[in-house]
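Consider the two complexes below, in which chain A is the common component and chain B and chain C are the respective partners.
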Partner chain A sequence: MSRAALLVLADGRFPAGGHAHSGGAEAAVRAGRITGAAELEDFCRGRLHTAGLVAASVAAAAALGCEPAGLDAAADARTPSPALRLAARRLGRQLVRAARATWPSPGLDALARDFPKGAHQPVVLGLTARAAGLGPEDAAYCAAYESVSGPATAVVRLLGLDPFEAAGVLARLAPEVDEVVGRAVAAARDAAVEGVDVLPAASAPLLEVCAEAHAAWSVRLFAS
Partner chain B sequence: MTDTATTAGVRATARIGARGDGRGGTCLPVLRGEGPLAPRRTRGSGDEAHVLLVGAMGGPLGGDRFAVEAHVAEGARLRVGSAAATIALPGQAKGAAARYDVRLTVADGGELHWLPEQLISARGSDLYVTTRAELAPAARLVLREEQVLGRVGEEPGRLTSRLAVRIAGRTVLDQELSCGPGAPGGWDGPAVLGGHRAVGQLVLVRPEFAKAPVVARVLGEGAAVVPLAGPAALVTAVAPDARLLRALLDRGLAELG
Partner chain C sequence: MHLDHSHDATGAPVPSADARRPDGRRRALRIGLGGPVGSGKTATVAALCRALREEFSLAVVTNDIYTREDAEFLLREAVLPPERIAAVETGACPHTAIRDDISANLEAVEELEEETGPLDLVLVESGGDNLTATFSRGLVDAQIFVIDVAGGDDIPRKGGPGVTTSDLLVVNKTDLAPYVGSDLARMAADAKAARGELPVVLQSLRGEGGVGEVAAWVRARLAAWTA
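Let's turn to the complex of A and B:
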């Protein structure tokens, strides 16, 4: 495995479209639930242990070689909001395009063919990690970190938050990202043996509810 | 000395089985309680049988393991409620968690309305509750679950609740919520509950949703109706208290017709 490949995949400038999504932060800012760094940290922590844990476990399971269609259905069942399912598929489609150009592989070709409208992004992420010669832990790190870096970056733009403060939030969450990755990889290994029903299903009611309201706004800065 | 019988907690399973009575109604060949769980038949309406779950002793307390199993056979119609809210309380053994498992199965043409009162997580309690519904392709379901974090003015205990719904062998909904002391961080923050003390879900499964899924809509701040990836719809709601939560879920149900 190449450690540099992980940096390429995890780089915020990797052209996979993630910068257009706030991970629910735009809706939370508008509702007045995020007004500064402290609330951003609490928001990111909650997202990490719910949507982040689920995404990391799905990505790790895909990297381990679990069947993509089963993982995609498991991601659907864990994402009640149709706005979030749509966003996850759009991100998946953008990632598969970038990944096939970067790390050509039969697995990614098959995924693009089987999911013309896009598979859930963590499924694609896991297969991309595999194509890049990375392992389940790497895939889980990318997903878990993305679950907090997306909102942190978005809030810099939405609130004009000092980028140093946003970086501080991410640094303080690092030990919990490690912990979530550990749980996600353990669950993915169980899922490889027992099936996808044993994957974590941690949910965040406000993220789900607010995603629907956000999708209905006529003017917004972020796609989700 | 610790009394092992006490620290092991109470194990109890209640079973309800409904089937068509051959005259267009529903009979209950299985209606069996155990320990603190007592299912009672009440007056039904039309072709539907009604059952009320009565908690004869209260709890679950730490260390208890409760289970309720309900099966609705082909063409039968069953409505289950509860006489009062369920209150999770701390047990005598420090650190002993309680479990409450609900298993629901509905056959083709069967219909189940599973509408218990709230689950209240009292201070110091620790409960893991699971609700798993397994439905045949032409089964119908209305399922409500509501969690209230703490009695009035009280800090909540630890509560983890998982809800999974499978239709024709395919999982269409799988959600777990963890809150209270010791739960993963951020549970009360702006992404998860945002300080709300009541949270609930209402699941509707109807075969006709396969062709005509519901349209997603927001029910004010804190609640939304959404179509799931299958012939089902979900109302998710958070509210400051149990009364306001029930009003949101009732409104969601009314909007779904």
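Let's turn to the complex of A and C:
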């Protein structure tokens, strides 16, 4: 396993479309729920332990070799908002493109063929980790960290938040990211034996509700 | 990244700007239009659509800073049917979406081609940005950089990748030059000095020639593409 491959995949500049998504931060900023670093930290913590945990466990399960169609259905079932499902599939399709060019593999080719409209991004992320020679823990780390780094970057752009403060938020959340990854990988190992139903189903209702409202805005900076 | 994606057996989108679609047909020529805010990119796109839509099958992708503003202008002007215009959100970073991470734009281009194709030409309009914002060669085959006389007649001298390396430099709104004190001869000479043999067009969309010279340049690129 190459440690550097993990850095390539986890790099925020990896060209897979994530830069245009705020992870719900744009809606939260507009609603006045994020006005500075403290609220950003609360927002990210909530996202990490809900959507982040689910994404990390799905990614880890995909990296372990669980069947993609079953995982994709499991991700669908854990994403009530149609707008978020669409965003997850778009991001999944964009990641498949970048991943196939970066780490060509039959598994990714099959995924692109079987999901012409895109599979949920964490499913693709797990298979990408596999293709890159990485393991379930690496996949879970990418998903969990992405669940907080996306909103943090977006809020720097949306509020003009001091980027050093945003980096501080991410650093303070790091121990919790470790913990979430541990839970996600354990759940993924269970799912490999018992089936995808045992994957976590933590949900953040406000993220789902606000994603629907955000998708209907006529003027917005971020796709989600 | 020029692997042999052209014979991709899966039929899934191929990673980059390969000349052929998965089914083996030659894909549409992709031309990017970039340049500062307010220089007349959208107006140039609209004029190009009106000039070329009878001869060629066209589509447009817009990259608004605030989503859909430019797309809605094109829809309002009815330069193309709505299904031939797609808008891409850029997360407050228009240059990222056309250069560093082109995946959303590639998706938009491919979807237009799948749903309304076969197409001859896709125009990809960047959100208004700075003088360093240029298109990735993974996204477009050629790029036009649009500046205008009201933005300051020193822009060709200042240079930057858009001014110096774009395949065509358009100096727009020449009809305004007398009112804003811009020296057209100086702009043309500075552009020539910065660009060498690369072409420059001075245009006024309100003038008699309109978008004619730029449309002729696009026709020549299309002829070369399909040759």
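Structure notes:
By our rule, the second predicted complex is superposed on the first by the 224 of 224 C-alpha atoms of A that agree within 3 Å, B and C clash if a C-alpha of one lies under 4 Å from a C-alpha of the other, contacts with A are read in each partner's own complex, and residues count from 1 in each chain.
Assume contacts are C-beta pairs under 8 Å (C-beta built on N, C-alpha and C of every residue); 3 or more make two chains touch, one makes a residue touch a chain.
Every value quoted in this text rests on a predicted model; they were computed, and no experiment measured them.
Contact with neither chain B nor chain C is seen for A:G65 once the two complexes are overlaid on the shared chain. By the document's definition of touching, of the two partners only chain B reaches A:E212; chain C does not. In the overlay built on the shared chain, the residue A:A83 is in contact with chain B alone; chain C does not reach it. Of the two partner chains placed around the shared chain by superposition, neither chain B nor chain C is touched by A:P163. Residue contacts after overlaying the shared chain place A:A204 against chain B, while chain C stays out of touching range. Look at A:G133: by the touch rule set out above, it reaches neither chain B nor chain C. Using the contact criterion defined above for the overlaid structures, shared-chain residue A:D42 touches chain B, although it does not reach chain C. Once the two complexes are laid over each other on the shared chain, residue contacts for A:V96 go to chain C alone; chain B is not touched. Taking chain A as the reference chain, the count of touched residues is higher for B when chain B and chain C are set side by side. Chain A has no residue lying at the interface with chain B in one structure and with chain C in the other. Across the complex, chain C is touched by residues 13, 15-22, 90, 93-94, 96-98, 100-101, 104, 109-110, 112-113, 116, 154, 157-158, 218-223 of chain A. Of all residues in chain A, only 24, 28, 31, 33-34, 39, 42-50, 53, 73-74, 76-78, 80-83, 85, 176, 197, 200-209, 212-213, 215-216 touch chain B in the complex they form. By the touch criterion given at the top, residues 162, 164, 170-178, 184-187, 189-194, 199, 216-218, 221-224, 226-229, 234, 236-238 of chain B touch chain A in their complex.
Across the interface of their complex, chain A is touched by residues 1, 3, 10-13, 15-16, 65-69, 88-93, 96-97, 100-104, 106-107 of chain C.
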